[in-house]
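Two complexes, one shared chain (chain A), two partners (chain B, chain C).
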Partner chain A sequence: MKAAAAPFSRGRRAALGLALPLAALAAWELSARYGTVPDYLIAPSRILAATWEMVLSGELWRHTADSLLRAIGGYAIGGAAGVAMGLLAGIARPVERFYDPIVSLTYPVPKIVVLPILIAWLGAGDASKIAVITAAVFYPTFINALYGAKGVNRLFVWSARNMGAAPLQVFAKVILPASLPQVLTGLRIGLALAFIVTVAAELQNSRSGLGYLIADAENSLRFDLMYAAIIAIGVIGFAGDRVLVALRRRALAGQTLGKEGAHG
Partner chain B sequence: MAAGAMRESGFGTLGGAGGALLEVRDLEKTFRRGARTVQAIDRFSLTVSEGEFVAIVGPSGCGKSTFLHILGGFEPHDGGTMLLNGAPVRGPGPDRGMLFQEFALYPWRSVIGNVAWALEVQGKPKAERIAIAERYLKLVGLSQFRDAYPAELSGGMKQRVALARVLAFEPRILLMDEPFGALDAQTRELMQEELNAIWQQTRNTVLFVTHDIDEAIYLADRVIVFTARPGRLKDEIRVKLERPRRIDVKKTAAYMGYRNRVWDSLREEVLKAREEFR
Partner chain C sequence: MADAVLRSLARWYSVPLVLAVWELLARTGAVSRRLMPSLVEIALAVWDAIASGDLLFHAGISLGRAFAGYALAIIFGILLGVAMARSRAFDALFEPIFSFGYPVPKIALYPIFIFVFGFGNLSKVMMIFLECLYPITVNAFYGMRGIDRVHVWAAHNMGASERQIFWRVLLPGAAPAIFAGLRIALPISLIVVIITEMIGESRGLGYFISYASASFEYSTAFAGVAAVAVIGFTLDRALVWLRNRLIFWERGAAFIGAA
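Coming up: the complex of A and B.
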C-alpha cells in the first residue's frame, strides 16, 4: 500500500539479520582450520561437503522423507483435533469445562516421556512416533483455538445475529475468521513442536529418520554426518514455517493491515 | 412529520405513516452480581411512531444502553412488554438494526463485503446484494472505498460503513447505541450532519442513545431524559425545529431554549449519578 515506512529497505533488513550468523560461521571456520578446537567442532566447509555427499548418495533424502512422514502425519492429526476441539470449547462452556482439568494437568508434561508407553502399546514403528507427535501438536493448537474463539469481539457476534444469521452461519462466517489469527499462531507453534518431537522420538528409538541419523553419527563419531542431519532439520523447519507464514498472510488479508505490513 | 410518506428516494420501504411502531410498557431490568442485585431499569415505557427520530439521553450508567440491548434482543429483561409493530420482541432479528459505538465491522471483509454480508445472510442472490450494497455505500458517500478494508478507514468512515450495512437490510427501526461516541469532536459534528442528511432521505424510525445533548436535539424529533440508576423516564421534550435542519440551527434561540431545557432536566441526574460513585 504505502512505501516502506521502515528505516531500512528490504535488502538491508535481510542483510542485518544475516550479519550475526555469517560472522559466527566465519569465526567457526577460521578457528576450526587454524585454531585448536575439539574434534566435534568440524569446519563448516567440511560439514557442507558431507551434506552434499549424502544428498548425492540419496541417504539424506531417505531419512528426511521418513522424518517428514512422521512429522506431517502427527501434525495433521494433532492440529486438526486441536483446532476443532479448541474452537468447540471456545464457544461452548460445558465443552471447555470438560477439557480444562485434563489439559491444564497434562500440558506442562513433555510429551516425549510417554513414548515408551506408546511403544509398548503401538509397537516401535511409525504409529507410536506419530502418536507422540500428535499429542505434542494438540496442546498449542487446542489452547490457541480455544482462546481465539473465546476472545471473539462480542459485537461481531451480536451484529451477525442482528442481521438474522443462524448459529451455524455465525460460527462459520464470524467466529471462524475472527479466531483465525490465533488459530494460525497455534498451528505455527505446533509445527515447530512437531519437528522437535519427531527428532526427539527418532533419537530415542528408531532405525530411520534424521533423529536416527544424528544418533547413529554420534555413536560412530562421524560428527560431519551429525551436522548434516542437523542442517537438514533446520532447513525443513524453516521452510515449513515460511509456508505457514505465507498462508497466514493470504488468509488474513485485511486483518493484519497496518500490523505487520502484510499489505506492503 | 409526514413519516414514511417520502419514499421517492428509493431507500427502505417501511410503509404506514405515523402509527405506533414500537411500544414499550413497564420495562424492568435487574442485574445480579453474586448476591447483590442492581436495578438497571425501572418501569420504563416508551412509544415510538413510524418515521420518528427519538433520542435518549441520560447520565452514564443509567441503563440507556442496556435498554437498547434489550430491545435488540441481546439481553433478557425481567418484566414489562415490548411490541414492535404489534408483535412481541423476542431475540435478535433483522427487523431492528443495531449500530454500535465500536462499529463492529468485520476486519476480514472489504467495505462492500461488510455491507453485502447482511444481505447474504438473508439469502439474497449475489448480483442483487452487490447492487443494494453499492446503493447504500453511495448514500453514505463511500463508493470509492468499496474495496478497502476497515483497517484502512478513519473512525468516521467506519461508522458510515456500519450505517450503510445496517440500512442495507432495511430494518423497521434503527437502534443506535452512542454511534458517534468513539469519534473525535470534529468528526462527530460532521457525522451528525451526515446522518441528518441521510435520514432526510430514508426517513427511518430511529432510537438514538447518546450522552451528548447537542447531538440529541439536533437530530431528534423527541428527546427522552433518563434518570440516574435505576433508569426511569425523567422527562420528554419535543423538538419542534424545522426540517431539514442545517447545522447553524444550533445557533438559534429556539435551539438554545431546548438545550437549556434538556440540560436542566439532565443536570440533576448527572449529579445524582456522581454521588453514587463517592
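Coming up: the complex of A and C.
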C-alpha cells in the first residue's frame, strides 16, 4: 500500500470528479458547433433547449407518465410478491422447498426473452410490459427477502418466544425488522431492473413511453427528441434510486445492522 | 440408490410439478393450444431447430457477442476498479461517473450506439460492455477497499515487496468481491444481447425468438426461450464452479440452489 498521501480536499475532489464529464461536454459542444461531426452529435446546448421545449409542451410528461405507470406497476406487483414470498420462504421450510429449485433454475435466465410470448398472450399494450417487469423484479426481491429472513439470529427468535411472544408477534417485531436491510437491498436492485426492462420493452414494441420516444425519434432522425428522452430516462433512474436510498435511511435509522455503502 | 433418487426428487419436486401443471393446461385446452403449446410440441420444436442447425447458428452468434462484451468489461472493469481503489486521483476522476451512472438504464443509449458503431456486432458488443462494466468495476473497487489493513501491515512487516503485496495479499483478498461482480454481470450480458437482437437484427437468439413469435410459431419461440434458459443456467453454474476452484479458501458463492 502507498504511503498515505494527504487526502484531497472536498473542493479539489469535486473539481476532479467534474473534470471528465465537463471536458467531454465541452469537446462535444465545440466540435458540434465548429467541426464536422455526424448529424446525430448535435450540440449539448441544443439538446438542452429541445428538452426544455418538450417539458413546456407537455409531450415529455405524457411519455414519462406512460413509462412510469408501467415501471411502477410492475415494480409494485413484482416487489410485493417477491418480498412476501421471500419472507414466507425464509420462515417456512415447505415454502422454501417449493421455490428453491424453480428460482435457482430460472434466476440466471433473462426474463426479457419471454416478452414476445407475453405480447402474444396479453397483447402489445401495458399488460405484457407490466408482466415482464413483474417477473424481472420478483427475483432479486425474493432472493434478498429469503436470505434476510433466513439470516435472522436464532437467538433473537428464541428469546422472543421465551418471553411469550406469539408467532405473529415474533414475525412483526423480530424477523421483519432484522431482515429489513436486506429486503431493502433487494428492492433497490429491483427498481433499477424495472427501469431497464421498461425501456427495453418500449424500445422493442410500444406506441408510447420514453423508450418508444427514443425509437421513434431515431427513425424520424429527430435527434434532439431522442436525446431529450434519454435524459428523461437517466433522471428518472437516478431519482428513483435516490428516493429508495432516502427511504432506506429513514427506515433503518437507529439500526446498526446491515450498514452497507451506497452501492447495492 | 433408491434413497438418493427419492431424496433428490423430494428436493426438486416443484420443477416437475410446475411442468405437469403446464402440460395439463395445454392438453385440456384450458388455455389455447396455439398460445401454450404442450411440452412435447416444444421438445419437438427444439429438436427441429437443432436438426436444421438454426438454433446452434443463432445461439453461437448471441454467445459470441455476449462473450466479447463481457470479456472487455472484465478487463477494463477490474483494471478501473483496482486503479480507483489504489489511486486517489483515479477515484476522484471516475467515482462520480460510476455512482451517478449506476442506477441509470444505459440501454437507453443503444440507438446512439447504433449510429456510432453501426447495426452489426460492434454496437451490441459495446452496449454489453458498458452495462457489464458498472457492476464489475464497483465490486472490484469495494473488494480492494475492503481488505483488512492488518493483512497488508503483516505482509509489510514480513518484508514483502509492493508487488508481492499486490499479487499475494490485495488481489486474493479482493477476489471474492470481484467474482460477485462477475456473477452479477453475467446475466446482464445475456439480457443486453437478447434485447439488442430483438430490437433490430436478423441473427441471434433474440431475433430467433421474436421472429418465431411474430410468425405465430409459439412452440419454436418457446424452443428459443428454453435455449436461453439452458445457456444462462449453464454459464452461471460454470462461473460458480470456476470461482470455487480459484477461491478455494472461501466457499459460499452459490447464494441459491447450492447443492
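We adopt the following convention: the second predicted complex is superposed on the first by the 232 of 264 C-alpha atoms of A that agree within 3 Å, B and C clash if a C-alpha of one lies under 4 Å from a C-alpha of the other, contacts with A are read in each partner's own complex, and residues count from 1 in each chain.
Heads up, the rule we're going with is that a residue touches a chain if its C-beta (ideal position, glycine included) is under 8 Å from a C-beta of that chain, and two chains touch if they have at least 3 such contacts.
All figures in this text were calculated on a predicted structure; none of them were measured in a lab.
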item	value
Touched partner set for A:116, first chain B, second chain C, both or neither	second
Touching partner for A:105 - first (chain B), second (chain C), both, neither	second
Residue contacts with chain A in the superposition, chain B compared against chain C	C
First, second, both or neither for A:69, with chain B first and chain C second	neither
Chain B versus chain C as contact partner of A:127, first or second or both or neither	neither
Touching partner for A:49 - first (chain B), second (chain C), both, neither	neither
Contacts of A:169 with chain B and chain C, given as first, second, both or neither	first
Which of chain B and chain C A:240 touches, first, second, both or neither	second
Footprint overlap on chain A, where chain B in one structure and chain C in the other make contact	1
Residues of chain A touching chain B in the complex	1, 153, 155-156, 158-165, 169, 173-174, 177-178, 180, 252-255, 257-258
Chain A contact footprint on chain B (complex, rising order)	72-74, 91-94, 96-98, 100, 102, 104, 106-110, 117-118, 121-122, 149-152, 166, 169
Residue numbers on chain C that touch chain A, as the complex places them	10-15, 18, 35, 86, 88-89, 92-97, 99-100, 102-105, 107-112, 114-116, 138, 142, 149, 152, 156, 165, 186-187, 190-191, 194-195, 198-199, 205-206, 209-210, 212-214, 216, 218, 221-222, 224-225, 228-229, 232-233, 235-236, 255-257
Touch list for chain A against partner chain C, complex	1-2, 5, 7-8, 12-13, 16-21, 38, 40, 97-110, 112-117, 119-121, 143, 146-147, 191-192, 195-196, 198-200, 203-204, 210-211, 214-215, 218, 226, 229-230, 233-234, 237-238, 240-241, 261-263
